[in-house]
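Sharing a structure below in structure tokens format, with a few things to ask.
Labels run A, B, C, D and E following the written order; every chain starts at residue 1.
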Amino acid sequence: MAEKRNDSSMAHGKAGLPPGAPLFIGGRKTEEIRLSYMRYNANLYEEKESSTPEECANLCESSDVVWINVEGIHNSGTVEKIGELFNLHPLTIEDILNVMQRPKFEDFDSYLFIVLKMLGISDMTKGMETEKVSVILGENFVITFQEKPGDVFDTVRECIRERRGRVRELGADYLAYALIDAVVDSYFLILETIGDQIEQVEDQVILNQESDTISKIHRFKRAVLFMRRTVWPLREEIALLEKSGSDLIKEPTVLFFRNLYDHTIQVIDTVETYRDIISGMHDTYLSSVNNRMNEVMKILTILATIFIPLTFITGIYGMNFRYMPELCWKWGYFIALGFMLVIAIAMLVNFRKKKWI
Amino acid sequence: MAEKRNDSSMAHGKAGLPPGAPLFIGGRKTEEIRLSYMRYNANLYEEKESSTPEECANLCESSDVVWINVEGIHNSGTVEKIGELFNLHPLTIEDILNVMQRPKFEDFDSYLFIVLKMLGISDMTKGMETEKVSVILGENFVITFQEKPGDVFDTVRECIRERRGRVRELGADYLAYALIDAVVDSYFLILETIGDQIEQVEDQVILNQESDTISKIHRFKRAVLFMRRTVWPLREEIALLEKSGSDLIKEPTVLFFRNLYDHTIQVIDTVETYRDIISGMHDTYLSSVNNRMNEVMKILTILATIFIPLTFITGIYGMNFRYMPELCWKWGYFIALGFMLVIAIAMLVNFRKKKWI
Amino acid sequence: MAEKRNDSSMAHGKAGLPPGAPLFIGGRKTEEIRLSYMRYNANLYEEKESSTPEECANLCESSDVVWINVEGIHNSGTVEKIGELFNLHPLTIEDILNVMQRPKFEDFDSYLFIVLKMLGISDMTKGMETEKVSVILGENFVITFQEKPGDVFDTVRECIRERRGRVRELGADYLAYALIDAVVDSYFLILETIGDQIEQVEDQVILNQESDTISKIHRFKRAVLFMRRTVWPLREEIALLEKSGSDLIKEPTVLFFRNLYDHTIQVIDTVETYRDIISGMHDTYLSSVNNRMNEVMKILTILATIFIPLTFITGIYGMNFRYMPELCWKWGYFIALGFMLVIAIAMLVNFRKKKWI
Amino acid sequence: MAEKRNDSSMAHGKAGLPPGAPLFIGGRKTEEIRLSYMRYNANLYEEKESSTPEECANLCESSDVVWINVEGIHNSGTVEKIGELFNLHPLTIEDILNVMQRPKFEDFDSYLFIVLKMLGISDMTKGMETEKVSVILGENFVITFQEKPGDVFDTVRECIRERRGRVRELGADYLAYALIDAVVDSYFLILETIGDQIEQVEDQVILNQESDTISKIHRFKRAVLFMRRTVWPLREEIALLEKSGSDLIKEPTVLFFRNLYDHTIQVIDTVETYRDIISGMHDTYLSSVNNRMNEVMKILTILATIFIPLTFITGIYGMNFRYMPELCWKWGYFIALGFMLVIAIAMLVNFRKKKWI
Amino acid sequence: MAEKRNDSSMAHGKAGLPPGAPLFIGGRKTEEIRLSYMRYNANLYEEKESSTPEECANLCESSDVVWINVEGIHNSGTVEKIGELFNLHPLTIEDILNVMQRPKFEDFDSYLFIVLKMLGISDMTKGMETEKVSVILGENFVITFQEKPGDVFDTVRECIRERRGRVRELGADYLAYALIDAVVDSYFLILETIGDQIEQVEDQVILNQESDTISKIHRFKRAVLFMRRTVWPLREEIALLEKSGSDLIKEPTVLFFRNLYDHTIQVIDTVETYRDIISGMHDTYLSSVNNRMNEVMKILTILATIFIPLTFITGIYGMNFRYMPELCWKWGYFIALGFMLVIAIAMLVNFRKKKWI
């Protein structure tokens, strides 16, 4: 499955390199790197689809808020260029290029560095996809680095373009909040998908066992494990962000980050609940498999217990001994049949008493 | 089940909206929004069934305690109106409208914001219902927002009307305490219902296994999981409330909140105990299913073990070989019967020695 | 079982009452309330079996140590009277009357309030009994409230009467210590009973499985769960008590409370060990049930595997085809018998190789 | 098993005594109490096998280091005598006499009081033995109280006698360190024994299941549970000791205590690892029992499934109906045999396809 | 298995020695001890394959950075010599010689002492190998002690030789960072190996059960347990190192250590995820074994249930009673056959209804 291989493949790309050397770590992608920016203040708004690092750096000299979005981080030259222009620490560059980087928050005085994970769930059978987003929050700019085109930020873009919500009135810190909030909101959609699928499987578990229930439960476990691993560090990260007391986050925005923290708690809460539900489902599934086995065994036992002695009796009278007095009795056959019937009924009464039938 | 869908459906209503935009999140309900208030001091008492936000705001200018109860939060216009009149923060409005909001406590200097969950258990088969209650505690007023009509506050209303207890003597902080206490007390009723049902199922588990025991246990697990998720944040919330040191909570009321904290601990304690009991029940159930399977297998094995060799013997003498000396012996038949009897008795003695019968 | 019902029945008695209203919560008991006191200093000693609240309050004006024992808390009038005379807080009265109250410690400056649980184990089948004891420690008096007659304090009474130990030399704080110590010591007796019973069952688990082993293990689990729930809050309580730094506890007694804390740790330790042992016993039990099932299945399979092919051969020569050449062979019967023997021996050798027999 | 009974038998000896009364708690032993001492400084060394409390107390007036070893604590008179001479607190005396005392550390300004447990593992079937050692560290003396003769201190004695290591150069605090270190080192020996036995059983678990594997695993669990209970409090104890900042422990010795703390961590680490290994072994054992059962069932099912239909066919042609055309066919018998062979082969092919054979 | 024996064998070598006496603890190795050094500054670079302690000590008097690498710690004389020359504490020497030493960090003012574990995974069947590396970081030197030749430091050596990365510009503290980073990076390679193997087994678990799946899972559990034990103390160690505030670690290097801490967290994260995955795999495996057993039982039961009654009927008409009217009926045989067919079809319909076939 896709998510696991990533955990350790970091070593491949990095072995043999000096520690801290900037290099794109992860599968190579062929698309071009693409820089776009949005620049706005309460009144004006400007947007450009493809730009250069230098142009972006110049923009930030005005007092407007500038959001620079970098899609594709495989070209380490461009990223290093940006790092140089915006005075980013070499370790920040390394973390931006390392697609395996866990969610984390670091405060480098002149900027805040935030790593997030966008989640995508195409299909339960294929596992989850994860895409790293690095966010740099400076005095009046935000830089986001994505692995590939396509993201969850369209809502934010619309709000800027159409001047909805508070984003145009507040500064770069609120923009950073809005971007992180968009990522966290997208988790709720994933959770909803998982929740719906769990609900479907839950009925299967008790009622009619499909043969693939167990592998479905296994997949759920994997998916929830994966979610956990993504959201737990996020919680810690946002708590640190909220409490950092950095000058880059102004007073009115702090409350929004506190609210965001509440949302991550809610995500974690739901993930943990799903985890418990899935674990309970597994137990219930096991029990009901056991129960069915018990049922099967009972039927076999009832039938065998009734017929084995009867068949033995027919065996006796099927023997070819020359002298078997019963065989010559006129009513021998019917007496034997009657005797077998009595045995069968006695057995049935016995099973009824044991509540088996 | 009703409780799960809620966890993630939040994303639906909210996707595509600017962060923090006030909007009622949750299933739309058609009833009218309804404002009622109670206004009292030690001597006087006034009550009105339906009122307007403006009238309520005016009431609060006197020094009397005013309790404003809002039923139905689907009309975000009214809630926003109240928010404006009482100077509530936009994030508070958002939290009031979001029915998925976890229990939480926030101190906004001029008011305290408390979110609670009322629980309803109509029937074990249908799962639990939850209703969010938001409580705003100001200098001399309390505002409660409920999702729909019907609540657990009638006791408090009676105490105000009939001047029972301390509620008329003490201020708005004691009123807030009394309301939260009513919610926590209602949890005890839920726990009692669950406790009774657990007790009924517990006997089934060991004695006569009904076929639906496992799904009952599964339902209990879900119910307790649901309770846990509701009461754990409550504990944290009330601890924060007690320790907030807010000026809005006067000295004599602090002790009552400490007492309330004790009650939530007791709820959690009981929930955790139920959880352990249910988990133990499940283990015991599994063991007793296993045990019964063992019993069934033993009966089958005893019977088969006795009759299979005997039937084999009858088979031998049922063969049609021309030359089989035993068949011609005068006592052949009886010798064969006797031999079979000896084998059967030997088997039985053997089983007795193994303590199977 | 008795212990569970209690958890939630609190709600019954209390629903519909103003918060904090003093009322005896728990099953009504018909016995009279009974006040007795002991009054002593290093030299003198006085004891009275039945007294009145007023008389007791007067006693406390001297500098002697006074121990007032109240048996039966169903008469809330008397308890409230005492509360008034000794200046107890209304919430203390409420907690004294609430028999569901968890063990807790509160420091009300002028007195310390301690809630304890006495445990009684009449018979494993009947579960455990619990009785709440509330202890009020004042400047020179101790008041104990018990639910019903009969307690574990006789040792302390003897020490006072016969001037054994330190109790007559030290003050009310040492008396309180001695009383709590008596309760904790009684836990060791309970643990010993449980320990003995566990030891008995442990042998059953592996050797000869009685049919009720699983329900015994279930009962142990319940009992230990119950103990845990009682002793964990006690630990916290005594730690708070020791660290409270209250003036009511003098320097020399603090060391004794620290020692008491050690004892509760030891109780918890033992309870946790029992819990692990019982949980291990359950696992072992399951394994040995599984093992036995395996044995049963093996015997069945060995027998069936040997005789099913043999019976099939007898079936062949029992067929009535007109032309079956073997039937006419002179040694046909013995060849058939020999062939069957060969098959049987081959099977047995095979099983021996698989180490089944 | 020996270790469990001890947990609770404390109550027996103590019930009915004033709290804190010194009394030997534990099984009575008949041997004499025996006092020996070693007295040394960097140059001189003196040893005496049997001494009196008074003589020992006199020794301590010099500036030499004195190690007093008391074997047998059943004679509470002698212990009390020592307590008096060395100014020990009555609670220390009580703790010395109570053989059930958990490992603990207490700082009584003028001396440090340390309780340790020596472990002995005679044979896995008999469980573990534990012996309490109380260590009193004063200004220039160490007193050790053991339950019975025989200990793990011979290494230390040799070092003193032969002037090996640092013990003769450093003071009483280093002696105390060396004694505790000897106890902790002895744990490693126990762990090695357990580790070897685990290794032996581990192979059994997967390969050839001995019938007693489950009871061996059960015994391991018990042993590790017992170790855990002994070493966890030790860790806490030594951490407290190291951080106590007592004047009795000089600067150079503190580093050694820190090292000792590392060793206890290593013991705990190993115990926890064994615990996980044993728990994993149990799971693996269960799985492999299940697997074998599956194998057994498959063999039975294959055989039964092949022969049951065949036997049915022989049954048909064994019927005695007057008019059964097949019986008269010339090749009837061989056709029947051929038909049976076809069925058997079809079954076998089917099983092969299911990968059962 | 290799890793376990080590846990406890420490006691062997050490029993009977004074505490803290330096001695090589671990299996004796016959190779020579080998000292090599690298000495460099930003401009110059010097390397020597085999050297003496004295020569190395002299080197350190210049201001260049010196890295002394000691391979083979069995010769305690050489190690003690180095300890003397570099003023190492006796306990540091003891820890360097003890191959069982857990990862730890100690700050001895004049130098920092760091113990690491290099992991090697030759083959899953042989378990993991561990090699201790002790790192001494002084003012301008780093000393590494390895158990045997062969390490993971070649990357660092190359960087020094070829002047790649920052290592030549920065001081001894950065060298220490680079060495520890090399060890942590090697963990990722191990994790990748384990991850690949888990992925292979994961498919086996659900689809076609190889008979050795359970022992593979068992080995994974052991390997992950082993990893956990190695990396958890590492995390703590690096956290201490980062926060030590030692003067030996300069400002610019602190950030790199913080980054290193992030890497260890990522290792732990992956290990914990693998642990959960393996535990989930085990559950799924158990379930699917259960499921297959159920399938097997169903097939047996279906077959037996259909044929047992039929065989009974053939048995009846195989009896040799003289007077059995059905036998003489013209169509008796075909009626009997038809009757059996009806029974068989009824059974099949019944099983179809139960969804067994």
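Operating definition for what follows: contacts are C-beta pairs under 8 Å (C-beta built on N, C-alpha and C of every residue); 3 or more make two chains touch, one makes a residue touch a chain.
What you see is a predicted model; the values in this text were computed from it and never measured.
Between the contact lists of subunit C and subunit E, the overlap consists of D.
Put simply, subunit A has to spin 145° for its C-alpha atoms to lie on subunit D, with the angle rounded to a multiple of 5. Counting the residue numbers used at the interface between subunit C and subunit D, under half appear in both copies, so the two copies meet with largely different residues.
Averaging Cα coordinates per chain places subunit B and subunit C 26 Å apart. Distance from the subunit A centre to the subunit C centre is 42 Å, each centre being the mean of its Cα atoms. The set of subunit B residues touching two or more other chains comprises 286, 290, 293, 297, 300, 304, 308, 311, 315, 318-320, 324. Residues of subunit B touching subunit C in their complex: 155, 158-159, 164-167, 177-178, 181-182, 185-186, 188-189, 191-192, 194-195, 198-199, 206, 255-256, 259, 262, 265-266, 269-270, 273, 276-277, 280, 283-284, 286-288, 290-291, 293-294, 297-298, 300-301, 304-305, 308-309, 311-312, 315-316, 318-324, 355. On subunit C, the positions that touch subunit B within their shared complex are 1, 4-5, 7-12, 14-21, 89, 91, 94-95, 100, 102, 104, 208, 211, 214-215, 217-218, 221-222, 225, 229, 282, 285-286, 289-290, 292-293, 296-297, 299-300, 303-304, 307-308, 310-311, 314-315, 317-320, 324, 326-333, 336-337.
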